[in-house]
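In what follows, structures are represented as structure tokens.
Here chain A shows up in two complexes: once beside chain B, once beside chain C.
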Partner chain A sequence: MAEVFWPPQGSASLLGGEHNRIDGLAKCIGSAKYAYDVVPDNMLVASALSCPHAHATIRAIDLNAARNMAGVVAVEPLKKEGDEIRWEGDLVAVVAGETEAAVAEGLAAIKIEYEVLDHFVDDTDLDAATEANVTRPAGRNTQLQNRDEDADQEFERLFNEAAVTFEGHYGINVITHMCLETHGSTCESQGDKLVSHLSTQNVSGTPGQIAGPIGLTAQDVTVHCDYIGGGFGSKFAADAWGVTCAQLARNTGRPVKYMLTRSQELKNAGNRPSGFLRAKIAADKDGFVTAWDSAHWGTNGTSGAPVSQGVIPYVFNPPNRRRVATGIRTNTSPARAWRAPNHPQGCAITQTAYDDVARHLGLDSYDVFLRNLSTVGERAPIYEDQMKLAAKLMDWKAKWHPHGKGGQDGSVVSGLGMAIHTWGGGPHASRATCKIHPDGGVEIFLGSQDLGTGTRTVIGLVVAETLGLELEQVSVQIGLSEYPSSGPSGGSTTVGGVSESTRRAATAALNLLLTKVAPRLEADANQLEAVGGKIQIQGNQNRNISWKEACGQIGISPIEAQGEYAPRVTYPRNYDGKRLTDNGVAGVQMAEVAVDTETGVVKMKKFVAVQDIGLIINRKTARSQIYGAAIMGIAYALFEERIMDKATGAFVNAELADYKLPRLGDTGEIVVELYEPESEYNRGVIGLGEPPVISPGAAISNAVCNALGKRVSVLPITPQRVLEAISGGA
Partner chain B sequence: MHSFEYSAPHSLSDAVSLLAQAEGNARPLAGGTDLIDQMQTGRFRPALVIDIKKLPELNVLEFDGDGLHLGAAVPCYRIYGEPRIVQEYSALADACHIIGGVQIQSRASVGGNLCNSGPAADSTPAMIALSAICVIAGPGETRQVPVEEFCTAPGENVLRRGEILAEILFPPRPANSGSHYRRFIPRNEMDIAVVGVGAFVELEDDGQTIKTARIGLGAVAPTPLLAEDLSASLSGKPATDSTFVSAGEAARQIITPITDMRGTAEYRKQITGVLVQRVLATATARARGEPSEYKPGK
Partner chain C sequence: MKPFEYAAPRTEAEAVGLLAADHVETEVLAGGTDLIGLMKQMVVTPGRLVNVKEIPSMQAISETSDGVVIGAAARLEDMAEHRLLTPFSSIGDAIVGIDSQQWQAQSTLGGELLQRPRCWYFRSGAGLLAANGKRVTEGDGRFHAIFANSGPAKFVNASRLAPALIALGASIRIMSPGKEDAEVQTLPLASLYRTPRDESQRENILSKGQLVTHVLIPHPQSLANATYEVRHGSGPEAPLVAASAALQVQAGLVAKARIVIGQVAPQPWESSEAAESLVGRPIDLVTAEQAGQLAVAAASPLKDNAYKVQLAAVAVKRAILKAAGLPTGGF
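For the complex of A and B:
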């Protein structure tokens, strides 16, 4: 019988290879259908009206004129009289009509009277927020080596005795998710059934969210999502717009498409909280941080929570540490999970401080990071190994100069920086069904989704590897809520979850097949294996039958087998046997930049990412995932930010023209190294989505600081902030 | 987008009379790369859109004794695709190369760029530096207006009801002269100028002394500017780095930029100085026939 655990490193035929995506062609030629591309006959289009005020109550709302507009079919209020609006751009009412033009006229005819209230949108200045009474304490804790000492006195002593002490200010602004495909859906109502073509990261979990509010039960709602144009953590829920679209389809009996506009998307559909930090730091002469005393703050919107304390400082755990967290409530839309929640901010506002230790002592940043690895726990040797690899790829030693002491080429100076990160990436719950047909056809079904990361291809590869087939012989069916349920794709949990359930389902199906084939080969099913498109006696290539022939033994109905991964059940607590998947990775990144000291422009020269992810299923898409993360990291390090206007409370750059994302010409050379020694391979599959997007902010900030000898304290490092740091700055 | 009527007349005179009859509720459409977006966002809601991009009068690209006649609807790709423009009116080609990307350049016209009258329009400072003149057709006499006098406020210009910009006239290039346009954007390409600078430099026969210069500035005032006094002050000065640095300093004093999400006034002043210096150096190198190091995005 076939073994469920992965083959030893080096013996797999497909796993770990370089494979093109099975849906690559469909995406390139445009035959891949996204929610927006679904256009059923007789479809209505819908769009929403946004509130222009950051804080207001609705005094009166009159939808009659809109309802009477030619071409308008339905108008649905999302707010009622007396409701409070708490951020600019919040959605107030939806119009569905025959054409986009009719909808635009309908929206223009909606009459709303607001009572405008005071607003607060500035998350950068803790004192101003305290004065405005919009802060709330978000925890404090202290860790002391000499536990019994008085904390104040102990910190004072540590700072007095240190080789260097300094105070630093660091920050990272709010960014939005900026999904290329905005949030929304196309819904079709058929009697008591409803199909929602929803742009979602959560195919299995969203039918119930839609059904309840529109008076159906989950079994009557099917969610369908073959392709999605970006989610990054913002598309787990059906959301008010997903429900309203379904409701409009039910009410009108016609298909309805309702997608957010770009500015509605940026103002409502997800952002990453900001993080600002003031810290006093003490270190010994080798750059070992002996004491860390920090206050940090930030906003996640109207509820006012900052970055979690757990990431302050990030990865490093200095022996003496005090941290105080404060949240700021702002009139901005609620944050949503953004790729590796908390980690990119934690890294950007604390590993910059670690780099400043090197700057203040005139040491090599590499040595300071190395020196502090003794505080990172069990993964220290892996970080050390990865740092060596990254340094080699960057040619760090040859390029290094102390902060601000490099040569100048005209007005341009260059610098190096690094950062390290960690993430979990263990599997989510997942079920799969594998079918082997009597004619040799193979199908695998999961209610999972491919966010563009290559999940579809990974599932196909696991089935093909298990059955000894080629990737092209497997038909992968995902993206439909009617399939066996699989978890939402977030937190790097998907690749682990789907490869567990898929491997288990395919192995179970194969074992059923081997049982049927055994008599033909006059062997015991236990002696058989599937390799190279054949079923054979283990290790004996002469006694075999082809896959097709083998399947001919199945009989009239196909073989069908299930596989499941259930958290804490599949591997109970304290389990220490073989595994298919694991949790927990390290990662090291280095950046090289050139800074024009006259214009403040930062150019990426080179970016190196070294990453462990356990066992690699598809090397090519794994690398692509890291390229994407590096580019996204360069984006938030140098370009993108949400800009709020203090006077009006408006989000002023909520369009693609004004919300700066890098172009390919801005990203420089990106070098990716997948770290997969046997010890890591043997841990099994671990998720990769989040980890590589964590370090770029700190690594790039540190490189700019190394070039200039001055810290640009807040990300993104725009040319203006660079010039301000040069002319003032610490 | 709202509902509107669309008309594509066959002659300039038909277009002018349609426009005049519409009593201010119509807009010409050239490449549409500004207009369609502005209608989409609801900034403009014209009842009638008059397509002028195929009018023959607006598509001329000819050289004669008066210089270059450039039809207002000629798209960017035709402009930088014409070797004589690249040679003789380099600043114009530089600007057309960086307006949007390839798709935008296939449609966007310099006439549309000017008539949209944004303070940050890329081709306008280049045209100011090149002493270009607008030829305006309308219900009355055809009239001429220098480019630097065309824009009157953000989004506003001298066009009267029923008038259409027909052509832009560029005087012949003098000997020993060169020009350049460069903008500052925070990223490599596809962005709205934080500051844009166009410069024309004509050298004495010695190749060392500035005979005349003209500097156009974008995004630093409500309308693109001709830096008249600064340009005049360069005549007779040595064409050296120190002259260019002082010109940059002087430019900082004459502009009135605003603080907005693209940058503070202070920051725009700093960048303007740096750009004026770099643009004058490149225009001078071109006047001398030296290869210039300029690459868009650097």
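For the complex of A and C:
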């Protein structure tokens, strides 16, 4: 019988190879249908009206004129009289109509009277926020080597005795998710059934969210999402717009498409909290951080939470540490999970401080990071190994110069920076059904989704590897809530979840097949294996039958088998030292930049990412995932930010034309190294989505600092901020 | 977007007639790269669009005894590759700087010169002057004007080509509705632009029905010219600051110069101080640097945009050096 655990490193036929996506062609030629592309006959379009005020109450709302407009079919209020609006751009009412133009006129005809209230949107200035009474304590905690000492006195002593002591200010602005496909859905209602073509990271989890509010039960709602144009953590829920679209389809009896506009998307559908930090840091002459005393703050919108204390300082755990966290409530929309929640900000506002230790002592940043690895826990040797690899790929030693002492070519200076990160990436719950048909066809079904990361291909590869087939022989069916349920795709949990359930389902199906085939080969099923499109006696290539012939033994009904991974349910995870999936990775990144000191413009020269992810299923898409993360990291390091107008509370750059993102010409050379020694391979599959997006902010900031000899405190590092840092003292 | 009438005339006179209709708000549609977005946002809500892109007489690039004549409906991509325009590298620099194949292929010269300001208050419907400038001075003006900003207008002119063309001495041909036939006049390009004093004015002098049909660039006479843009990354977005220089050089000395800065004022901003400082001198790092400093001597930055003063000085310096074929020292 076939064994469920992965083949030993080097012996797999497909796993770990370079494979094109099975949906690559469909995406390239446009036949792949996203929620936005679904256009049923007789469809209505819907759009929402946004509130222009950052803080207001609704005094009166009159939808009658809108309802009477030609071409308007339905108008749904989302807010009622007396409701409080807490951020600019919040959605107030929805109009559905025959054409976009009719809807636009309908929206313009809605009459709303607001009572405008005071607002607060500045998350950068803790003193101003305290004065405005919009802060809330978000925890403080102290760790001392000499536990019994008084903290104040002990920190004072540590700072007095240190080789170097300095105060630093660091920060990172709010950014938005900027999904290329905005949030929304196209809904079709048929009697008591409803199909929602929802742009979602959570196919299995959203039917119930839609059903309840519109008076159906989850069994009557099907969520369908074959392709999604970006989610990054912001598309787990059906959301008010998903429910309203379904309601409109039910009420009108016609299909309805309701997608957010670009500015509504940016203002409502996801942003990443800001992080700002003041720290006093002490280090010995080798750059070992002996004491860390910090206050950090930031906003996640109206509830006012900063980034978690757990990432302050990030990865490193200095022996003496005090941290105080403060949240700021702002009139901005609630944050949503953004690729590796908390980690990119934690890294950006603390590993910059570690780099400043090197700057103040005139040491090589690499040596300071190395020196402090003794505080990172059990993964220290892996970091050290990865740092060596990254340094070699960057040619760090040859290129290194102390901060600000690299010489100038015209007005251009260059620099190096690095950062390290960690993430979990263990599997989410997942179920899969594998079918083997009597004619040799193979199908795998999961209520999972492919965010564009290559999940569909990974599932196909696992089935093909298990059954000894080619990838093209497997039909992968995902993206439909009617399939066996699988977890939401977030937190790098997908690849572990789907590969474990798929491997178990395919192995179980194969074992049923082997039982049926055994008599033909006059062997015991336990002696058989599926290799190279054949079923054969293990290790004996001469006694075999082809896959098709083998499937001919199945009979009339296809073989169907289930596989499952459920957290907290015990599996023989350490059977013979092997396992299918695991949790926890390291990762090291290095950046090389050039800075034009007259204009403040920063250019990426080279970016190196070394990443462990356990066992690699598809080397090509794994690498692509890291390229994407590096580019997303370059985006928040150098370009993107949500710009709030303090005077009006408006999000002023909430359009693609004004919200700055990098282009391919801005990314420089990106080098990806997948770190997969046998010890990592044997851990099984671990998620990759989050980890490589964590370090770029700090690595790039550190490179800019190394080039200039001055710290540009806050990300993104715009030309304006570079020039201000050069002319300022810091 | 609101419903609108659509007209696609084949002659300039016909277009002017359609634009002049007094019962309806009209807009000229060319490439549409700016106008369509404004209409979708309902910032501009014309009742009639007159598409001038299909008017053959407005598409050509040709030569006369006076210079090179470019139809306002000529596409940027066609200009970038046209042999008659090769002496004008400052135009090519600006087109390359737009850095989007889609925009270069779709945008027209006339549309580029007359695109609306990118001011985010204007674009969100607060009006061109954004509450008499108050929204900008009290709000976030990091990309706004550092010159000519004492009145209500704080936005910056959006054109990427206007600085280069003004420095090259370009003029425009405007067709207007007449009593019987359409009338034609020729003006310096610089006079197309104005700094509005109230919301009834736009950022250009065109009145209803007037159509820019052609741009004329005089023949170059030993003319060195270049555009330098300070860009926050690649892509089609506006540079932070840009400068164009056109220099007549004789025997190694500047005989005549024009320097125009973009993205710094409600109009393309010509610096005669910078230009005059070069006359009679060679182009080198010292003279270029001085010209850059003189160009910004009278700058009046707002609370958020002092960095643009530095960028303007550097852009002027680098445009001059680039025109002279010298290294700029930076990116």
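The rule is short, and it goes like this: the second predicted complex is superposed on the first by the 721 of 730 C-alpha atoms of A that agree within 3 Å, B and C clash if a C-alpha of one lies under 4 Å from a C-alpha of the other, contacts with A are read in each partner's own complex, and residues count from 1 in each chain.
Keep in mind that, in the parts below, a contact is a pair of C-beta atoms (placed from the backbone, for glycine too) under 8 Å apart; a residue touches a chain by one contact, two chains touch by 3 or more.
Fair warning: this is a prediction, and the values are worked out from it, not measured in the lab.
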item: Joint occupancy of chain A by chain B and chain C, clash or fit; value: clash
item: Partner chain in contact with A:Lys646 - chain B first, chain C second, else both or neither; value: second
item: Partner chain in contact with A:Arg136 - chain B first, chain C second, else both or neither; value: neither
item: Contact breadth on chain A, by residue count: chain C or chain B; value: C
item: First, second, both or neither for A:Glu598, with chain B first and chain C second; value: both
item: Which superposed partner A:Leu723 touches (first chain B, second chain C, both, neither); value: both
item: Which of chain B and chain C A:Ala657 touches, first, second, both or neither; value: both
item: Partner chain in contact with A:Asp666 - chain B first, chain C second, else both or neither; value: both
item: Overlapping contact positions on chain A, where the chain C interface meets the chain B interface; value: 100-101, 104-105, 108, 598-599, 601, 639, 643, 652-653, 657-658, 660, 662-663, 665-666, 718-720, 723
item: Residues of chain A defined as touching chain C within the complex; value: 100-101, 104-105, 108, 410-412, 594, 596, 598-601, 603, 638-639, 643, 645-648, 650, 652-653, 655, 657-658, 660-666, 718-720, 723-724
item: Contacting residues of chain A [partner chain B, same complex]; value: 100-102, 104-105, 108, 598-599, 601, 639, 643, 652-653, 657-658, 660, 662-663, 665-666, 718-720, 723
item: Interface residues, chain B side, partner chain A - complex; value: 1-3, 42, 184, 186-192, 261, 263-264, 267, 270-271, 274, 297
item: Partner chain A, residues of chain C touching it in the complex; value: 1-3, 37, 42, 99, 118, 120-121, 123-124, 135, 138-140, 142, 230-235, 237, 240, 307, 310-311, 314, 327-331
